[in-house]
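Two complexes come next, and they have one chain in common, chain A, joined by chain B in the first and chain C in the second.
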Partner chain A sequence: MLTFILKRLGLALLVAITVSFISFSLLFLSGDPAAALAGETASGEDIEAIRRLYGFDRPMLVQYGEWLFSALRGDFGESYYFKLPVASLIADRLQVTMLLGLCGILFALLTAVPLGVAAAIRPNSLIDRLALFLSVAGQAMPSFWFGLILIVVLAIQLGWLPPSGASTWRHFIMPTIVLGYYAMPAIMRLTRAGMLDVLESDFIRTARAKGAGETRVLFKHALRNAIIPVVSLAAVQMGFMLGGSIVVESVFALHGAGFLAWESIARNDLPTVQALILVFSMFYIIFTFLADVLNAWLDPRMRSA
Partner chain B sequence: MTTPLLSVKNLNLTIPTGSGTLHAVRGIDFDLHRGETLSIVGESGSGKSLTSLALMGLLGKSIARQADEMNFDGVDLLAANRRVMRDLRGNRIAMIFQEPMTSLNPAYTIGDQLTETLLLHRKVSKAVARARAIELLEKVGITAAESRLSQYPHQLSGGLRQRVMIALALMCEPDLLIADEPTTALDVTIQAQILRLLVDLTREMNMAMILITHDLGVVARVADKVAVMYAGELVETGPAQEVFATPSHPYTRGLLRCIPQPGKTERGAPLGTIPGVVPSLIGEVSGCVFRTRCPHAQVACRAEIPQHGTASHGFRCVYDDGALSEEGELA
Partner chain C sequence: MSNAPDPLLQEIQGPSPRQMLKIRALGHKGLLFGMAVVGLLVLIAILAPVLAPHDPYAQSLMNRMVPPVFMGGTWEHPLGTDHLGRDYLSRLIYGARVSLLIGAVAALISGVIGTAMGVAAGYFGGKVDAVVTFLINVRLAMPVVLVALAVVAILGGSLTVVICVLGFLLWDRFAVVMRASTLQVSRRDYVAAAQVIGASTPRIVLTEIMPNIFNNLIVVITLEMAHAILLEAALSFLGLGVQPPTPSWGLMVSEGKNMMLFEPWLVLIPGAVLFVLVLAINLMGDGLRDVTSPEGRS
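Entry: the complex of A and B
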């Protein structure tokens, strides 16, 4: 198990370095950053001055190395637009996003897994139909639209919840539901399919032949095997939620990291975009790593992989 | 005569299908005493496994079970609720399955899975359960038993896994062991070992065993009683030696001609086959089910079939000698 974790950790590091290089170089492919910074009316000399000021005239590898080493120390430079250290800017915005992402994935898992299990126990029953309806609706409904409906009903008509902002926990209820409901269908369907599959297997029959009760059969013997693909899926979705909840963040005016990314791209705020891409990718890498470790704990056959 | 440990009378299993009711198992009767081995022999799909699952109360939801009597050591299995059945399963009636490769849970260690059975049924400590698991692993011939406890199923070979399954079934010292084709998935060399082991253990622990198989060679070696099953019915039952020496039902004789017999079958001589296929069991089934493949079939075979023979060795056929006299002429 330990060798497995170390191997995966090494792999994760390699991926992280590759991703950091790609994210750094991508921005150079998108045009001359100096020209973009200087603005449309700038003269050639101004652009040249900016190029030297920000160090764009040096070889790319040198720039990359410098950027990476300062990034490792937590220094991502200064935002062109906000004129603030990028690190503190992101850290600030990330709190909102992380809280939202965490609540979202928890909401998704806590609704999807029980529903998926219940649907698998009684296929084609009322609860299975309900689960299918919920998942189809969730997959078909755009997040922004669902968010707006919630605002109209829960915030404006009923007045139960604040429509936007991020100051209290009540502000997070609707965004959590919207974001969680977006991730829920896939997790639910995968849990259901996994459980249906596992419940047919010989070792479940063995468990029953041992005299194990139905609850024990379902949760100890079946779910542990059925949940393995769900873990991987949830990790990817968690990564997506942290980086890609731009729509939800805009609808509910939660100024999180996703929203910051969108702003920074629009403003050509290079250091911020670079740092955000790096941070988002790191999240993916970390969650994938955690999912691998969790899966190896769940299924011993994966430990030798 | 003592009361049997297990007594089954007129067991019927039906499965509703899109094109009518499938009468998978019909009118099964048998008794089993402690220390006896009953072998149920038959082709694939003859209802052997369903019969054993019916005893365990592990049939799928769609399969309907009816019987005049199903009594296990004073417990009426027909009336038993889930709680009662759960207490019996793994504890007093244990089962070994055909597929050792997939019958163990891949996510738990051998030790976890072995001790679980004992912990479910007995109020014992984990240490006691572990000790019992080690004892049984040694008993089924697994070396380095203690270190096996922390291994996972995928780290063991098929033969070892089947030994683990046997140890698992024996954890609570059951009164009845049902072995459903326990050696089918194994190498021929391992098959004999596993069978020997099962027989020795049933003697040692004074268990009754139902051995389900399609392999007559297996039956000849280990069974006390044989029940020959064809298309959901028991066509012939009796003491193993008698059935092999004087097979009465045409199907039993047909089966025996399919296997080479040392000393009797000549080298290079063709082995027998039974032409035809098993009839469909959907809808009403009447008369002799074997008549479509029987060389001696006649019109009377469509009607009710009488039971012949003695109480211990019986068979169902319109001929009171099972058409044995006719067969002599054919041969």
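Entry: the complex of A and C
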């Protein structure tokens, strides 16, 4: 188990370093970052001054090393736009995004797992069809459009919920639904497939044969086994969701890290963008690492992989 | 030798694999519906200049935000006009071109990259496999929307840039699926036989492996095409994708957003069309998987 964890940790670190290099390289994609920063009207001298000020005149690898080591100490430089340390900017905004992500994954799990189980108990029934319909629709639904429809119906027509902002818990209901619905189809399908598989297995037949009640068979025996892969999928989805929250946050004007990313990109605030890409990637890497370790702990067969 | 099947022989053998496939496909409602809708939209996109009642770029400030015909408008503009007086139906029709073009080309680019990586990993194994698996992990760790937005912002939003960015970002599922399928196929005896008789690696890959993983490739292409179309719409909605005045459905939703309070149809119509297209492509992909894979043959 320890070897597995160490190997997996090594991989996670290597991925993290590669991702950090890619997000740093973005700065150089435009050709000359100093010219981009100075703007179109800047003279050659201005550009030269900016180049020296930000140290763009040094070799790229030196700059990357410096950036990485300050990033490891929690220093991501200063935002071009806000003139504030990027790290504190992101830390401020991350709370909203984390809360949203957590609510979203909870919403997804609380709808997908019961629906998946119900669909697996009665294949081809009405509830199975409903579950299939919801998951097929969810995969095709543009989340920004779904969010706008919710605003039109729930906030404007019915007036039940505030259309945008983040000051009370009621502001989080619509974003949670939109973000959660994005993650729900995959979780639902996996739960259903897992339950169908498990329900056909020998130990379930044994449990039924020895007279265990149906509820006990379903929840104690079947669901406990079917839920293992769902846990790791949920962790992966959580990582995707934090990255996907950029769309949802901009629709509902939730001032989280995703919204900050959108603003920073539009304002050409590259240090903030680089740091945000790195932070979102780190969340994904940490979540998938934890999911793999959890899986290996629950299921020893996974440890050899 | 005649090609006509012997009726007696056919009775003994039953339908050929190809006929079985056709029977399964014709019995699959999702696949038929998906193919019909996608086919229709492709036709509309190709025939856009003939079908569109107006020039999608022609502004008419006298006729701004005319409501659609079912909300009290006239047949002059069946789906009304937008905030610049451009005919909404014509913009929708030309928007199909943008979505389908981006979806198809992005899926093609990522398909080439992902298939090359996946097949190499599955066929050679060892170090090649380790490197490809590592690259897949790195790619999955990068937040797609964020990276795509940043790159489009740096390089400037145009159709070509959006297509290339999506093409270079969405290869992960191709690599994962093609790697697994190649791994399965390359263990078969006919691959070993080809290796023994001294066939070259490109020949084995092209004539023994590719034909046997082609079905899976088609399925992933359709699903990734849907993914690319949704992402383009999201990028354009956020203002960092296809730039105005190009008629993109995501952009139309974004332009209609400010008037959503009074004219919700400005947002509803392009979003609904986007939803139907993506739904149809996904149903087609799911259906193709069902009828081509052994597990789907129930």
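Quick note on the criterion: the second predicted complex is superposed on the first by the 293 of 305 C-alpha atoms of A that agree within 3 Å, B and C clash if a C-alpha of one lies under 4 Å from a C-alpha of the other, contacts with A are read in each partner's own complex, and residues count from 1 in each chain.
Methods note: a residue touches a chain if its C-beta (ideal position, glycine included) is under 8 Å from a C-beta of that chain, and two chains touch if they have at least 3 such contacts.
Everything numeric here is computed off the predicted structure, so don't read it as measured data.
Enquirer: So in the superposed three-chain picture, is A:151 touching just chain B, just chain C, both, or none of them (first/second/both/neither)?
Expert: After superposition on chain A, A:151 lies in contact with chain C alone.
Enquirer: Look at A:210 in the shared chain and tell me whether it touches chain B only, chain C only, both, or neither; answer first, second, both or neither.
Expert: Only chain B is touched by A:210; chain C is not.
Enquirer: Figure out whether A:88 sits in contact with chain B (first) or chain C (second), or with both, or with neither.
Expert: Once the two structures are laid over each other on A, A:88 reaches no partner at all.
Enquirer: Look at the residues of chain A and decide whether chain B or chain C touches more of them.
Expert: C
Enquirer: After lining up the shared chain so the two structures overlap, which partner does A:202 touch, if you call chain B first and chain C second: first, second, both or neither?
Expert: first
Enquirer: Identify the partner contact of A:299: answer first if only chain B is touched, second if only chain C is, both if each is, neither if none is.
Expert: first
Enquirer: For A:15, select first, second, both or neither according to whether it touches chain B, chain C, the two together, or no partner.
Expert: second
Enquirer: Based on the A-chain superposition described above, do chain B and chain C contact any of the same residues on chain A, and if so which?
Expert: none
Enquirer: Enumerate the contact residues on chain A facing chain C in the complex.
Expert: 11, 14-16, 18-19, 22-23, 26, 29-30, 36, 136-137, 139-145, 148-149, 151-152, 156, 239-240, 242-244, 246-247, 250, 261-262, 265-266, 268, 273, 276-277, 280-281, 284-285, 288
Enquirer: Could you pull out which chain A residues touch chain B in their complex?
Expert: Residues of chain A touching chain B: 201-203, 205-213, 221, 224-225, 298-301.
Enquirer: Quick one: which bits of chain C touch chain A in the complex? Just the residue numbers, please.
Expert: Result: residues 134, 137-138, 140-147, 149-151, 153-155, 226, 230, 233-234, 237-240, 250, 253, 257, 260-261, 264, 267-268, 271, 274-276, 278-279, 282-283, 286 of chain C touch chain A.
Enquirer: How about chain B: which of its residues touch chain A in the complex?
Expert: Those residues of chain B that touch chain A are 56, 58, 86-91, 94-95, 97, 99, 102-107, 109, 116-117, 120-121, 152, 154, 165, 168.
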